[in-house]
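A, B, C, D and E label the chains in the order they appear, each numbered from 1.
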C-alpha cells in the first residue's frame, strides 16, 4: 500500500481589531506567520489560499500535509506563536488522510492540491448512512456514473481525502480549476446523477483563491493596493 | 453563450463599540469605506442597501458584480482596509454567478439588480435533492406554473443567480419592487404552487432598502437626523 | 382593502459591561433611548415590554408600527444613535405586516397589540410546506377548529401578522392576556387540534411583561428598587 | 384547583475576565448577588446549584419560584444589579409553571425541588406533535408504563413543570436523588418504554450539585480551597 | 457490581489574547494549572491531550476520573482558579460514567483511558430512539457483528462510558491506538455493519495527541520550539 498522508485544512479569521493595529506591528505579525510557514514548507507541502471576497467567516486557508500527525500538530504549535495567530481564530478546521479509493484503481497520491490552477473549491462531505447499507456492486455502479460525469470536465482536478473517525466529516473533497464557472456547471450537472441523492451534507463550500503565503497575508491588510484617504484636518 | 458575471452579496454588521467613537473618527471611517466603493463603482456595478430596522444581525449590504472573481476579491481586500471595515463583521455572505436558466429562453443578463425600485428582497435557496431526480420535462412543467404566478406580479423584478459548488446555497434570488406588501402577497401565493414543495431552504430573507452607499453609511450613525439630548449638568 | 401596517419586533440585549458604567452615564444612555421612542410615539404606535426574568437572551422588546417601512427604518436609525443602543445587540428581530386573514371575515386591523393586558406572548411561526398543498376548503375546515378552541378563551386577545418573503418566518403571532396560566392552558389544549400537526416551527416563544418604555428601561438597572450593599471598608 | 406556581431556572455563566479581578472586588460582587438571593428567599422558594465540573457552558443555577410572574421578573431585576451579574450571561433560561398532571390524581404541588438530595438532573422536554394526535386513553396507557418504571426507583423524586406557550419547551422536568448512577440507570431503562419513542427533544441535560447560594458562589472562585502557587521572583 | 467511576472530558480553548501576554505571566498561568492537575493526580486518574492541529475549536483536553462526582466538581473548582483557566473557555464538555455493558460479560473497568498509546479518538454518541424499541435479542445480535469487526483491529483499545440522563449524549466512546490510519479504516469498515444504521449522532469527533499535562500546556505557547523572528529595527 502506498504511504498515506495527512492533510489539514486550517481556515483563519483575523479579528477586526488587528486591522486597527499600526502598520509596523501588522508587518511584524505577518512576517512571523510567514516564517512559520516557510519553515514548514522547507521539506513538506504547504499551500495558501485567500477567501477574502468569497466568504464572510474566514480570510485565509493554510493546507499542510505530512505522513505524520505529530508533524501537523507541531506546525500548528509553531503557527500559534506567530504574531498574527494571536489575533486569529480557526472557525473551520478539517483533518483528513489519503487512502486508495474503493471505486478507482489509482494508487494513493503522496500529495494533494498540487496543481497550478487559480482556484480551489473545498468542502467536507458526508453520505447518508443508508448508502453504506447498499451492497458494494451497487455502490460501485452508482459511483461510476458520478465519476463519468466528472471526466467530461477534464480541466478540473479532483482531490479526495478521508476523515472517518478522525474528524466530524467522512470526506474532504477539493477541486482545482481555472474557471469557477466550469466547476459550478459540473456541480449543477452532478445534482441529477444518482449518487447525488445519497449525499447527506456537502457544506460549507469554500471558494479559495490560490496564492503564495505572502500574498495571502498581504491581502489581509492590502498593503500593496491601499488607497490613501487624507485625514480630516483638525 | 453570453458572458457570465459574478455577483457577491456582502452583509456588514457594525460593532456597537464603533457607535461610541467620536464623530470625526466615525466620519473618517465612513469616508474611507465610501472611497473604496466609489473606486470600484467607477466602471463596475455596485449597489448599497440598508437593513437597519428590518433585521437585527446586519446593518448594510454591498452588492458587487464583475466577470472576474479576482476583481471581487480585490474589492474586498480594499474594502477591509477602510476604517469602518475595521469595526465590522460579515455575518452573511453569498457568492453567486449568472448563467442561462434551463426554464427560460432569456439570455444571461450582464448585470443584476439594475432597477430603480425602493426595495430588494434577497435570500439564498436550495431545493430538495429529490427535485433533481425528476426528469427534465417534469421539472420544466412545475417551474412553468411557478413562473406563471410570478408573471401576475409584473411590478416585481426577479434576479436569479447560481451558487452550485461555489458557496453553501444553490441559488441566490433577489426581487426588486416598490411595495413590500406586493412581494409578501406573491410569496404567500407561491406557497400553494407545486414548486414550493420542492424547496429545502429559503432563509434567511433580507428586506433591503435601496439607497446610495453614502446614505447607507449615514444611516449607521444617523448624522443627518440625530436628536440632541442635552447631557446632564455635572 | 384596509390600509396595511408594518409591525416590527425588536428585541434588545444589553451588554453586561453597560451595567458596570456609573449611574449618571447609565441614566443619560436611557434618557436618549427614551427620547427616540417618545419622538416616534408622538403619532405612531410604539409598545415596550420587559423580558427580564422570562428569558436569558434578551432584556427588552420594542414594537414599532407604521404603514411605511421607511418610517420603521428611520426609527431604528434614530434608536441606534441613543446611548443605550451603543451597548446593545438585537438577538431577535421580526418584521411583519398586517393583511386580511383568509380564514376570517374581519377587516385588517390598523394597529396590533392595543390591549391594556399585563402580558404578551409572542412567537414567529411557520407551517409545514405540505399544509399549502391541501386545498383551500380543507385548510379552512382545519383552521375553524383551531379558531373555535381559541374562542373558548375570550380573555386572550390574538394578533396575527404576516412575514412571507419579508423575514425568515411566515407569521408573527402575539397573544395578550392577564393570566399567563390561561395562555399556557390554551396552547396545551391546541396541541390536540388537527392544525397543530401542520406547524413546522413556533419557537422562540417570548413571555413579555407590558410596561412603559421608561419602566422597561428602569428594569435594566433597577434604579428604583436597588438594594444597597455597603462596600467593604478598605 | 390548587394554586399554581411559576418556576424559573436561570443558568449563569461567569465571564473568565471576572476571575481576573482582585479578591476584594470578587468578594463584594458575590456578596451583592447573595444579598439579592437572601432578600428573595425571605418568604419565597429559592434554590442554588453548581454546575462546575458537570458542564462547560454554565457555572451556577438559581431556581426561583412564585405564584406571581411579576415577582420572578422583579427578582431578576434586582439580581442583575448585583456586582457578579454584571460579569455574567444567562446561556440557558427556562420558565415553567405547575399544573395538575392529566396522568395522575396528585394535586398540584405548591413548590417543586424541595428535597434534601445532593443532586438534581434537569432538562427541557418536548414531545413529537404526533403524540398529541393520539387519543387520551392511548396516551394515558403509554404514560402509565412510563410512570410504572419510575416507581421502581423510589429513591428518585420527580418534579414536572409546564411551559406550553410561555417558553420554547413544553416541559421542564427535574429529578432529585442521592446517587447519579441511579438516575442514569433509570433513564437508560426508560429508553425501552413505549413513551420514549414519542420524545422529540430532551436536551440539554444539566447535572446539578445542590448547595447553598453562598457555597455555589464560593465554588466560582474557590476562595476556601484555593491552592497557593508562589509567583515567580522578578 | 463493580464500583462505578465518573469520567469527565473537559476541552479547553485558550483566548488568543492570552498568547499576547508576556512570557513570565504565561509561564505562571501554566504553572498554576499544572499544580491543580498534579494535586488531583496524586491519587486519582488524570490524562491530558493536545488537540492543536487537529481541531480549531479547542486546544487541550483534560480527562478526570473519580467514583465521586463531588470530587470531579472540586477538581474543576480548583482548576478554574488557576491563571490559565482565567483565559479559557470550555467549548466541549462530556460527563459520563462506567457501567457493565449489556452486550459483554466483562466487568466494569475501574479506570478508562489507561493505555500508553499516542492517540485517542473521542466522541459523544446517541442512537436512534427506534433502536431501543428492538427486542433485546435483536439488539444483541446486531451489536455482536459490530463487536466482531472491532476485534479484527486488536491494536485499538475501546473505552465506553454512559451518559444517559447526566449529560446531553447517551455514550462517550474513546479509542486509543498508535496509528490514526488504523482507526480511520476501522470506522470506515464499521459504516457497512448493521449497527451503523442505528446511530443518530457521533460528532464532534476529537483526534487527541496523548502527552503529559506539562507537554500539553507547553504546546499552547510553544516555549520549547519557538522560532525567533527578529523585530523590525525602529
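Keep in mind that, in the parts below, a contact is a pair of C-beta atoms (placed from the backbone, for glycine too) under 8 Å apart; a residue touches a chain by one contact, two chains touch by 3 or more.
This one's a predicted model, so the numbers in the text were calculated from it and none came from an experiment.
Enquirer: If we look at chain C and chain E, which chains touch each of them?
Expert: Shared contacts of chain C and chain E: D.
Enquirer: Which neighbours do chain A and chain E have in common?
Expert: Where chain A and chain E might share a partner, there is none at all.
Enquirer: Expressed in steps between touching chains, what is the minimal separation of chain A and chain C?
Expert: Graph distance in the chain contact network comes out at 2.
Enquirer: For copies chain C and chain D, work out whether under half or over half of the interface numbers are shared, and give different or same accordingly.
Expert: Homomeric contact, different residues on each side for the most part.
Enquirer: Chain A to chain B: how many Å between their CA centres?
Expert: Those two chain centres are 27 Å apart.
Enquirer: Between chain A and chain D, what's the gap in Å when you average each chain's C-alpha atoms?
Expert: Using C-alpha averages as centres, the distance is 43 Å.
Enquirer: Viewed as a graph of touching chains, is the assembly arranged as a line, ring, star, complete set, or other?
Expert: ring
Enquirer: So if I start at chain A and go to chain E next, what's the full loop of chains?
Expert: A, E, D, C, B
Enquirer: Would you mind writing out the residues of chain C in touch with chain D in their complex?
Expert: Its residues touching chain D are 16-17, 19-20, 50, 52-57, 118-119, 121, 175, 180-181, 183-188, 191-192, 194, 196-197, 199, 203-205, 207, 209, 219-222, 225-227, 229, 231-232.
Enquirer: Mind listing the chain B positions that touch chain A in their complex?
Expert: Touch list, chain B to chain A: 4, 6, 8, 10-11, 15, 24, 27-28, 31-32, 35-36, 39, 69-70, 72-78, 80-82, 85-93, 95, 97, 99, 129-130, 132-133, 162-168.
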